[in-house]
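The following pair of complexes shares a single chain, chain A, combined with chain B in the former and chain C in the latter.
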Partner chain A sequence: MQPSYLKVFLTFARNSLIRDMSFRMNFVLQCLSSMSWAAMNWGLFKIIYRHTGEIGRGTGWHENEFFIFLGTVWIVNSLVQTFFMANAEEFSELIRTGNLDFALLKPIDTQFLISFPRVNWAQVSNGILGVLLIIYSMFKIYSQDPEAAEIGTAGVMSKKFSWIAIPAFLFFVGCGATVMYSVMICLASTSIWFGRNQNLYNFWFYITNFYRYPMEIYQRGGGIGMALWCTFTFVIPILVVSNIPARILAQPLGSPWKTWEWGLAAFAIVASLWSLLASRWVFRKALLSYRSASS
Partner chain B sequence: MFSNAITWWTFFKISIHERLIYRADFMLGTLMRFLPTLTQIFLWWAIYDVISTPGSIDQTGGPDGDIAGYKYGDMVAYYLLVIISRAFSSMPGLTRGIANQIRSGEVKKFLIQPVDMQGCLLMQRIAHKLVYYLIATIPFALVFWLCGDFFVDGWPEWDVLIVFYCSLLLSFLLGFFLESCIGLIGFWFLEVTSLTFIYMLMTFLLSGHMFPLDLLPDSIGNFVDFLPFKYLAYFPAAVFLGKVEGAAMYQGLAVEVFWVVLFIVLSRILWWKGIKHYAGFGG
Partner chain C sequence: MAIIEIKNLSKTYKVYQKQEGLLASVRGLFHREHKEVHAVRDINMTVEEGEFVAFLGPNGAGKTTTLKLLSGVINPDGGTATVMGHVPWERENEYRRKFALVMGQKNQLWWDLPALESFRLNQHIYRVPKQVFEETRDTLCEMLDVTRLLGQPVRELSLGERMKMELIAALLHQPEVLFLDEPTIGLDVVAQHKIQKFLKSYQQERNNTIILTSHYMKDIEALCKRVVIIANGSIYHDGSLEDIVDRFSGDKIVTLHLAESRALDGLANLPNVIEIEAPKIKFRVERDEVGKVLSQILGAHAVDDIVVEDPPLEEVISNVFSEAEKSQEAELAARSNN
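Let's look at the complex of A and B:
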């Protein structure tokens, strides 16, 4: 009999919520701590924008546009940390202790079973913060009087908001989360070969560091920058994760999308499908090398 | 006195061997530490590009703009130097280690044995750090050689260099005793995780690890100036880059000494008060 994946997932989510709620103070502290990291990040850019009007000349990433970008990063991050992070760490641990045996025995897809058992509800707080930041920044951008904007900071054009942007944004955030999930599963799978992957979190932090900024900063950075841009767009497609949805809402250039922007969006869809398949392949390949441990 | 020295030497040797086990992993880990700096380089390039006169280029081949007295090269050099300061002043696991020992009752062994807990921990830290510098020199040298162009003014004068080295050594001591104090609070609170987290947040922001403190608006900057945190990252880097010069430099060093002494005394007091308060839970 085919198990109902949705029901299983909902049970996981419910169990995790019950667990989180039994340590309520801890839950609140976790929320606060992840939100204060976000606030610090926001503070850094608030300070940077005291000294400059834009990040990258002519890119259109002015303060409000950039905060939409930042909000998008927070949302994707919060999705990753809510649903995948703890599970990937647990997966490494299962391999080390040999408890993966039990997961392999269960009559359900193993990748599903190790990907979703724990939902870290506290990390949702960051996503909510991201949504609030985006709404606030959008409000500031679109409420700008077009004529005043024309006279004010150079390059600011009046932007028109279309409601299609919202479902498109959500769709591409979904694509982004898929890409991040795939990268994480690939990373976690490596612990089958290495025995233990203690640096998983570090490595994750170092990789995701690249998607926290608009990709223009690499494109204009000469040879190394272009190499980085190519690597993190086409090999490990994490740049499209944040850039596409943020561009949809922020419209940094103010004008209708250009061909390359459409192309990149189409690529993001392909990339998320492709990386999902790749992660599936890596996961299966890794499982073949699994030799259990302990008793 | 002599037997004491032998005890310390033994602790020191054990810790050195402990640390030499995973050399390659260690070197790779150190190189990875510089990855975030790579994004910083591009980010700041994009920022400086906007505020500079179009097409202008300074000695580094970068844009010529100026933010709070920092040219583009200075800014990148600052981030690289801060990694050095933090290599001295950061004490991963110290606070939690102390608090765990108190909670689990392991601290009892220091009450029975004629060995001082802080002395023992300090020896371990020195050994760990020495091994770290020994191994990390290779990746550090590589990165600084690659990034040499960002150091526009080259090497500073010898007196500045001496102050720089002193401030690094002091930042090690400051980091150690400050974090010990927080760990020792565990005598009263048992659970210091949230306290550790606040400390981590504070140091990241107020030490200048995140950005040069000169960028802060004056109202906040003046306040941050009075806190000990800036000696953990900002001060050594600023000395090296000549942002703090002459009398101010020596004055800063003196204040750093003051903070170190203060936290040494404080940690001793916390220790003596703590063991009086200690009830010895656990096995």
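Let's look at the complex of A and C:
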């Protein structure tokens, strides 16, 4: 008889909420600090767009389009920090202290059990701000005469909003979160071999620095830019995490999508599946070397 | 029926040897020396259904490693083991639903939440039907007298109360086999006694197979008929508790309550006197000599009461441990010379 994974996850979420609520000041401060970060982030790009109308000529990343991109980044960030970040860090600690023993005893998939026990509810606030920013920016884009949206020197391009874009956006945000989750699990699993790995936050900071911007920045960045684009698209596919869902809603190059955009979307699906399988392989391989800790 | 079968089970750890000082640490960045620690060496053991076995040994003897191997937490380097027909390190869910491991030094309950929430989580993980879960939980809470503490965060429980909650969390799915690794460590005498009493009645009621490691001989005396002693990773003795006392304690302790305190003057010169508290005298005599010594004393002095007993189990076990370690070390030295 298989355990009910949904019930177990809901119990994790419930227990985490009870715990967060019992330290309410900590909860409020966490919400405030992550919302302040979002506000400062927004303010910075607001200043940048006072000096330019578009990031990269002809890319279509005008202010409103870019804020859809930014909102998408906040949502993915929020998903990662709500569901995975604390757990990936905790996993490293479980290995170091030998408390992973208890996870291995339970008749349930071990990767599932270590991936979701803590839900950091305070980080949901960032995601909500992301949704609000996207709705506001979309309203600004699509309430204008779509036929008249002038995009740099590329001429006049039409943007047509379709309701299918919403589930497609959610699907690709899911793909993005899967990629981020897989990267984190792979990194956390290395703790089994290294004994301790405290680089998760650093790594997260480095990586989010790259996926916070449209990929055109790298594509037009000469040799170094192309090297970064190739690395973060094909090796550690984090650029597709934010770029594909954001393009679905923002349509920087108008509709219909260009062939390469479709290709990139297909690649995002393959990349998320591939990274999930890779994380599973790394996790299982690492578990074989688990040696527990002295009691 | 054999529930646990272990054949030539071995586990070796590679342990980093760090020299003292900063320079050695810098050198360690480029070259590291490792030592092989044979935590478990070729052990063989069979445990029958319903047995309550004590697994004793000095610190680092390999007790916990053996329990971890039997729980499937770590993989062995050699040998085989089956528990209820399952190979533990294959980690089949069917197996993991049928046993539990309780570690006195580790905590599996959610620290900031009441134990009740952790119990509910285990209910879903082990898929225990609601009614069975509630009945089992209530029975266990009643037996361990912790019902009133169910709503209190785990971090606010005393060590003894927390250990009781750990036991309940481990027993909610009604395991057939229980591995208990020092479940009474750090507890006061009252809490120890309560847990002993609970384990005894629980095991008698359900006929579970239990392996217990503990450094408290009271636990062993109260619960286990069979004792396995492990030292340096190898089994040194496997038999009943009485066997151990017979085999490893050559002495008896005699306490005489003399009719007159004056008689103590004549007895104070006895070899191996432990204590004199007039009109009582306590001394150690070799087992074979007890009859002879007593008849001599009784012939010369009036005695109101005589108590002849085995030495305390702690003392016997401590002798066994040092003897076992010496013997294992000698064996290893002989092997390395060959």
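Brief remarks follow.
Keep in mind that, in the parts below, the second predicted complex is superposed on the first by the 280 of 295 C-alpha atoms of A that agree within 3 Å, B and C clash if a C-alpha of one lies under 4 Å from a C-alpha of the other, contacts with A are read in each partner's own complex, and residues count from 1 in each chain.
We take it that a residue touches a chain if its C-beta (ideal position, glycine included) is under 8 Å from a C-beta of that chain, and two chains touch if they have at least 3 such contacts.
Note that the structure is predicted; figures quoted are calculated from it, not measured.
When both complexes are overlaid on chain A, chain B and chain C end up sitting side by side without clashing. Touch criterion met: A:Ser36 reaches chain B, while chain C stays clear of it.
Once the two complexes are laid over each other on the shared chain, residue contacts for A:Glu54 go to chain B alone; chain C is not touched. Residue contacts after overlaying the shared chain place A:Phe102 against chain C, while chain B stays out of touching range. Once chain A of one complex is fitted onto chain A of the other, the partner contacts of A:Asn15 are limited to chain C, with no touch recorded for chain B.
By the touch criterion defined above, A:Tyr213 lies against chain B but remains apart from chain C after alignment on the C-alpha atoms of chain A. Of the two partner chains, chain B is the only one touched by A:Leu228; chain C is not. Contacts of A:Arg291 after superposition: chain C is touched, whereas chain B is not reached. Rounded in steps of 10, the angle chain B-chain A-chain C defined by Cα centres in the superposition reads 90°. The minimum CA-CA separation between chain B and chain C in the overlaid arrangement is 7 Å, rounded to the whole angstrom.
Against chain A, the residues of chain B that register as touching in their complex are 25, 29, 32, 35-36, 38-39, 41-43, 45-47, 49-51, 54, 67-68, 194, 197, 201, 204-205, 210-211, 215-217.
Put simply, chain A touches chain B in their complex at residues 29, 33, 36-37, 40, 43-44, 47-48, 50-57, 59, 199, 202-203, 206, 209-210, 212-213, 216-218, 220-221, 225, 228. Listing the residues of chain C that touch chain A in their complex gives 13, 64, 68, 71-75, 91, 93-94, 96-97, 100-101, 103, 105-108, 110, 112-113, 117, 120-121, 124-127, 153, 181-182. By the touch criterion stated above, chain A contacts chain C in their complex at residues 1-4, 7-8, 11-12, 14-15, 18-19, 22-23, 98-99, 101-102, 104-108, 110, 113, 288, 290-292, 294-295.
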